[in-house]
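Two complexes come next, and they have one chain in common, chain A, joined by chain B in the first and chain C in the second.
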Partner chain A sequence: MTQLPAQTTRKLGLVIDLDTCVGCHACVISCKGWNTENYGAPLSDQDAYGEDPSGTFLNRVHSFEVKPEATPAQTIHFPKSCLHCDDAPCVTVCPTGASYKRVEDGIVLVNEKDCIGCGLCAWACPYGARELDKAAGVMKKCTLCVDRIYNENLPEEDREPACVRTCPANARHFGDFADPESNVSKLTRARGGMDLMPELGTKPVNKYLPPRPKDTMDEIDILAPLLAPVATETKGFLGWLDKALEKL
Partner chain B sequence: MTHHQPQIDTSPKVSDEIRKTTCYMCACRCGINVHMKKDDEGEMRVAYIEGNRDHPVNKGVLCAKGSAGIMQINAPSRLKAPLKRVGPRGSGEFEEISWDEALEIATGHLSRIRETNPEKLAFFTGRDQSQSFTGFWAQAYGTPNFAAHGGFCSVNMAAAGIYTMGGAFWEFGQPDWDRSKLFMLFGVAEDHDSNPIKTGLAKLKERGAKIIGVNPIRTGYNAIADEWVGITPGTDGLFILSLAHELLKAGKIDLEYLTRFTNAPVLVNGDETSDEFGLLLRDKDDKLLVIDRATGKPTAFDKKGVKPDLAATHTVKDVTHRPVFQHLAERYMSDEYAPEAVEERCGVPAGRIRAIAAELARVAFDEAFEIEQEWTDFRGEKHKTMTGRPVSFHSMRGISAHSNGFQTCRALHVLQILLGTVEVPGGFRFKPPYPKPAEAHPKPHCKVTPGAPLNGPHLGYVQGPDDLMLKEDGSPARIDKAYTWENPMSAHGLMHMVISNAHAGDPYKIDTLFMYMANMSWNSSMNTKGVMEMLTDKDENGDYVIPNIIYSDAYSSEMVAYADLILPDTTYLERHDCISLLDRPICEADAAADAIRWPVIEPDRDVRGFQSVLCDLGARLHMAGFVNEDGSAKYKDYADYIVNHERKPGIGPLSGFRGENGDEFGRGEVNPDQMDRYIENGGFAVHHIPEEAAFYKPWNMAYQDWAVKTGIYDAPQPYLFNLYVEPLRKFQLAAEGHGHRQPPEHLRERIKETLDPLPVWYAPFEDDNVDTEEFTVHALTQRPMAMYHSWGTQNAWLRQLHGRNPMYLPTKIFAKHGFEDGDWAKISSAHGEITVPVAHHGGLNDNTIWTWNAIGKRKGTWALDEKAPEATKGFLLNHLIHELQPPKGDGLRWANSDPVTGQAAWFDLRVKIEKVDGPPENSQPDFDPIKSPVGKGPENLAWKVGK
Partner chain C sequence: MHPAPSVILFTALSGLGFGLLAFLGMGLPDVTGWVAFVFFFIAFALSVGGLLASTFHLGNPKNAMKAFSQWKTSWLSREGCLAVASLILMGLYAIGVIFFDTKLTQIGWIGALLSIGTVFTTSMIYAQLPTIPRWNHPLTSAYFLSLSIAGGALLAGQATAAGVLLLIAGAVQLLAWFDGDKRFAQRGHTIETATGLGDIGKVRMFEPPHTGTNYLLHEMVYMVARKHAQKLRIIAMVFMVILPAAILLLLPSNHMLALIAVISHLGGLFASRWLFFAEAEHVVGLYYGQR
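Showing the complex of A and B:
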């Protein structure tokens, strides 16, 4: 019901490195802190100290267990926020035009003044990246910190999303995917960056870098002598030692 | 609808002011920018917290805890005013009183004790970041009973590191993240040294370095490791010594490093008939002796031009004295350390042990490199380059919280040293004030004089039986029995034994227990239920067995209810602190650094910083160092102390901005503007180490001289790394019957076995104490990255991340019992049982279960609803772990602690598992709610400070 721009000048987004993400949730809380204080309504929390606390978050980390056939189970930490899709179903479904994709940088935003809190966009988003704030009654989502990345009140080095600035494991990178020479484009090429659920045709901007292969050490032939002994008994070892010291 | 794009403000004002201070959401001590905004009433309030890019610890990044600080300083659990208990202990019934009354009560107890018998006060602090101050206070007071939480945390790691090489991990040193190519991580819980480790791991990954995680649990750091070694708990020492076995056999050891910088060539007295059998040989000037390869004669280790020989021996009158290295090689090359001999016990296949040893050797020696940097060693020898061995290690509580933890930590350091990878490029690097050998630390003191200070610092490093803290009758001088034959090298004390010993009157009764930031009636104690009973137990007269309890905390923790008097502390943004070089500083391998906290907001409650309260109490008690000559208070508050206190002339709590002009670091006169200068500088001060002093610090004269100049050392103190720790041998000699101070008979054999001067592995004590056929499973805890001890749960944001802590079971156990997610299990140990929810976790050692530590809460605490999942489904593993080993029938109380240091052996625990049909409503054991002294938190939050 709401139109997407035919194309955007830049395509700002995130590269998220699943190889280094330790699942610490630093990005989750930094996002919560910045976006509670800044863009739009605060991110509220219901039953904050009670039985079933639930608040609005624009970014969450999910953990999955993967069991390769021959090696031990692995845990993959998977941070997830709005992917700022080129073909964003959350925008087209919006009945009031509150959801929109910016022409200049491709950021998908919600104009809270026009949002009626119907929740259609959250239903349309296949990634579950939008959350209706229960206190404000409006839809909240990742803004890519649109109020940081251009913010002239911030030092230039801080003009990046809060989640990127805070990530201790350097697992989050921000940049312009329309520029093939940007850091995010290069990382995506070098590390085989992937779309999340490409089969849905949403053309997400954010990319995920897959984890490196793990537990490969046992592939060495364990029957081969890995470290050749210099001696088999103490006397021989002392002889080796004497010769080795002589060479120093 | 057509595309419609509203105008938005992309440059809103971020804040009215940024105040830079130090985080205290955990022990990491990162720098933070606290963004302040004026609210509607014009008052400056905290709007947002981010990492400080200039700060040496975190360099701008910040973890979830740090960013959630705003929810901590606004937490409804904050105590509001001093409290006096009016109901029975444990009820939570208090009345608010004034500070005057509170301090009068405290002074009454403290003064009475001090004038009669200061040992009747036990003063123990928990997650205290001001130990150099609290220790100073306790020393001035005169009680021998002071320590912080190191004894139940990681003293094995600290003590093993200090005795072996003059420093350990975390505060003591760090991997060379920029040059390391192979990194091994042993037993590190997710929360330790949190941001630096994550940043370091990312650096390693960026350079394609390999990470090997050794941990029974594959989460967090281990989840991103390239290789995971899911070792059986308590067997790390055996695994490490098997790696050493392989390296020695293959000759893949750094002989040059061993001869120059370690006691490998030092001669060991081989005369079995001597009182000094097994001690190191010294010349008449008390210098350690080595055989010089050039002359074949015994020579002082530090003589210019000496070429120490590892292969020679020294025979006098038919007695052969061999170098340390030959003893070491003989022991670890023995078949008992062969990979095949240890694989089953460790749960690591022999082939994998071999492959890891080979990889260590390959990277250490085949990928060695040189840095073009001249340096001069302590023998006066000049070196043209610095040799890099790009293998590094890091470890924490996982390997140390066992009854074999000290020797396991020693084994790891010996492995590092054999590879020549400590204090070299690419390896492990010390952070000032380390390296600092055990001899350069103080010895412990315990001489009590009524009305006067203790005769010296409480904690330190003993060199032999003469330094033990024993009374004339041989009984323990300290309430926690630190520095006794039960645990001679207990460098951090034994906080976990204080309440138990005080309750038992063993070694004596006390009058007042005074504690700070230590949640002893909950997650900070073993045997939690037992501790609650000890704290509430009454004698035949109806008086509490532990007569008085004073406690300081900022929050409504479980411990509050068990105290008689509460001194409410501030939150971390409302206080002064110093992260001092006298204590546990924030230095980097390339720089000395320290930091402050300052009140970026003022408390809105009637609370006071605990350290300021101690200054006040010190003055009221007329304690030396806290009063002027005219008897008036010396310090008006902690900030005053931080700036004006001098530990030695020119050396105070803060190193930066000293001297008249504020331009001196380390040594310098008191500068009255020092605190302001720290604030202007972002809350910290950094002083860089010259490049020629950056490596080989224990032996590098440029570093030694720099350390003297900055006040870290009083004089140059180069030393050798101790592969062989002679003080351990002195305790063994005593156990063998030598010397005038003798251990009690029941400890002789244990001392002989466990205080071995070369690392030794023995099974955790629990294995001997319980039926391992019945209790087949190991049970562990760790904290998640987003929580810190008991604090996280009161935080509305953090508790949404980790509000539940099921018991995680490995695939085989989960399947064997037919569990499904949502099921409950009864977990039993020899000591107790708990009934808790379970969940499956595939990345686990086959015989290990685990849960998150300190998520579970007592009902009524932390301003949570009594129905909060933390209080209904959450639980503590602590109920299964006793502070004592099971009775042995000899009437003695045997601590469940490491026999060298007394570290709490949390991770020795063995359990059995049964499925429970018809799950209970709440986790068991379930305790009655405590009445909250602060009420409950609000239902909903929508936190916005600005307009």
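Showing the complex of A and C:
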């Protein structure tokens, strides 16, 4: 049903650390790999080896440059996937009931059997988290790897979203935001986890950790004392030579 | 937003069709028999044809029946329900006036109200979306409703009323354009709020996530050249409003001139509807350094 639950028992989601993300796109690839082979229609590509390739991705890494007033510009890599919003506008607009937010864990999912591919949910999402698959004609979105996190056929350490499992920089964290003592809740508190486009009132579950402030260092030049001129007034043979040459 | 021909056709034609149905339901013009058949044929062809056109842009139209189920939250679902309800009631009314020379007045009035209601639900599909500031305003509903009613009057042969209603629709259109131009900035969505990085400094896109294009860019980051937009606005205003209103209000009424007014209105309406989509800026463009 497209009515949002008043509240969910758990609030599963991601914390993405913009300080440590190195922009390697490993999460993009592992996401595409897992979700092409598992839950729902595969994530298709069009003209993959041609001159105008495009395809469906549930997770994309943008890169931004931020220029502070006084210090040099910083490059910030910015992974973006579904934020599993508490007040998910994509769910309520769905005409068929294909989009829903689960009461038990807050994951926003698409039931592809009911999806008509009208694309209205993608219009309603401010974050570009939903993409209509061109081959299958149904809406695709991050499932928080719902087929991994509860999958008892996988070793326990693999029961987390593929993007989190693969991140070599440990910039992605998965957990339950409803539990104040969970890893993600603690990280959010400690690092000032933020919402994207908070002005739209979507109440995203996923939080982004802003880059830590750059420290500044006083200029220390250990060679400077050695390079200071030793003699202010020239003396001796070199002094005489200097003056003699000056007169020439 | 991507101006998909199917959606432009759908909103323009079904708007006209439901507008005409509303006038027919109110007994304007008061016709029976063959003449009524022609009027109802046009009205149903436009409204049903428009609805069918809207299914062309669906990725998976075989599930279309399920779209009637979520009327509690979804304006798209409400539109489907109201469209079917008004078509059924107006179908009953049409059978009465065409074949039995009987006017089911109450059914006609309810059908007329539902027809206008259908146009309102169509407008709300767009007006409900805060992600597209240009649309997210009551003026969007006013734009759809005023054009549907004016177009309905035009097709129903209500010359004077149609002339006046067209001028009203034109005024609403101007307001929607010029107010809409400012709204994205007014709402304060910027690349800084989108990324949350504004506290550090000025943000700009350094690298897009992919070298190629994607669904989001194609669907929601459509850019229209401002220069062309201004020209199209003038074309839309002249053909949709000024020319037909002048014909209806200033010239003696005859069928040939009425036909010219209808064709002119339709052409202008398509231009206006193309602009409605092409000029609408979705906030997701901010993540791609657009806007």
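Some points to look at:
Heads up, the rule we're going with is that the second predicted complex is superposed on the first by the 215 of 248 C-alpha atoms of A that agree within 3 Å, B and C clash if a C-alpha of one lies under 4 Å from a C-alpha of the other, contacts with A are read in each partner's own complex, and residues count from 1 in each chain.
One rule holds for everything that comes next: contacts are C-beta pairs under 8 Å (C-beta built on N, C-alpha and C of every residue); 3 or more make two chains touch, one makes a residue touch a chain.
Predicted model, so just to flag it, every value in this text is computed and none were measured.
After overlaying the two complexes on the shared chain, residue contacts for A:N38 are found with chain B alone; chain C is out of touch. In the superposition on chain A, A:A244 makes contact with chain B only, while chain C stays out of contact range.
In the superposition on chain A, contact of A:I29 is made with chain B only, not with chain C.
In the superposed model, A:L187 makes contact with neither chain B nor chain C. Once chain A of one complex is fitted onto chain A of the other, the partner contacts of A:L227 are limited to chain B, with no touch recorded for chain C. A count of residues in chain A touched by chain B and by chain C gives the higher number to B. Shared-chain residue A:G97: touches chain B and chain C both. In the superposition on chain A, A:P68 makes contact with chain C only, while chain B stays out of contact range. In the superposition on chain A, A:A178 makes contact with neither chain B nor chain C. With both structures placed on the common chain, the touch criterion links A:D195 to chain C but leaves chain B unconnected. Of the residues of chain A, those at positions 1-3, 28, 52-55, 57, 65, 67, 73-76, 94-97, 113, 136, 211 touch chain B in one of the two structures and chain C in the other. Taken together, the chain A residues at the contact with chain C in this complex read 1-3, 18, 28, 52-57, 60-69, 73-76, 78, 80, 89, 91-98, 113-120, 122-128, 131-134, 136-139, 194-201, 208, 210-211.
Taken in their complex, chain B has these residues touching chain A: 1-6, 8-14, 37, 47-51, 53, 58, 60-68, 70, 76, 190, 194-195, 198-199, 201-203, 205-206, 218-221, 223-228, 230, 246-252, 255-256, 259, 293, 307, 309-311, 326, 329-330, 333, 349-352, 354-359, 361, 785-786, 794, 796-801, 803, 811, 841-844, 863-865, 867-869, 936-946.
Chain A makes touch with chain B in their complex at residues 1-5, 19-26, 28-30, 32-34, 36-38, 41-55, 57, 65, 67, 72-77, 94-97, 100-103, 109, 111, 113, 135-136, 146-147, 149-154, 157, 162, 165-171, 211-212, 214-218, 220, 222, 226-231, 234, 237-238, 240-242, 244-245, 248.
If you check the complex, the residues on chain C that touch chain A are 1, 57-61, 63-64, 66-70, 72-77, 80, 125, 128-132, 187-189, 191, 193-197, 199-210, 212-216, 219-220, 282-284, 287-288.
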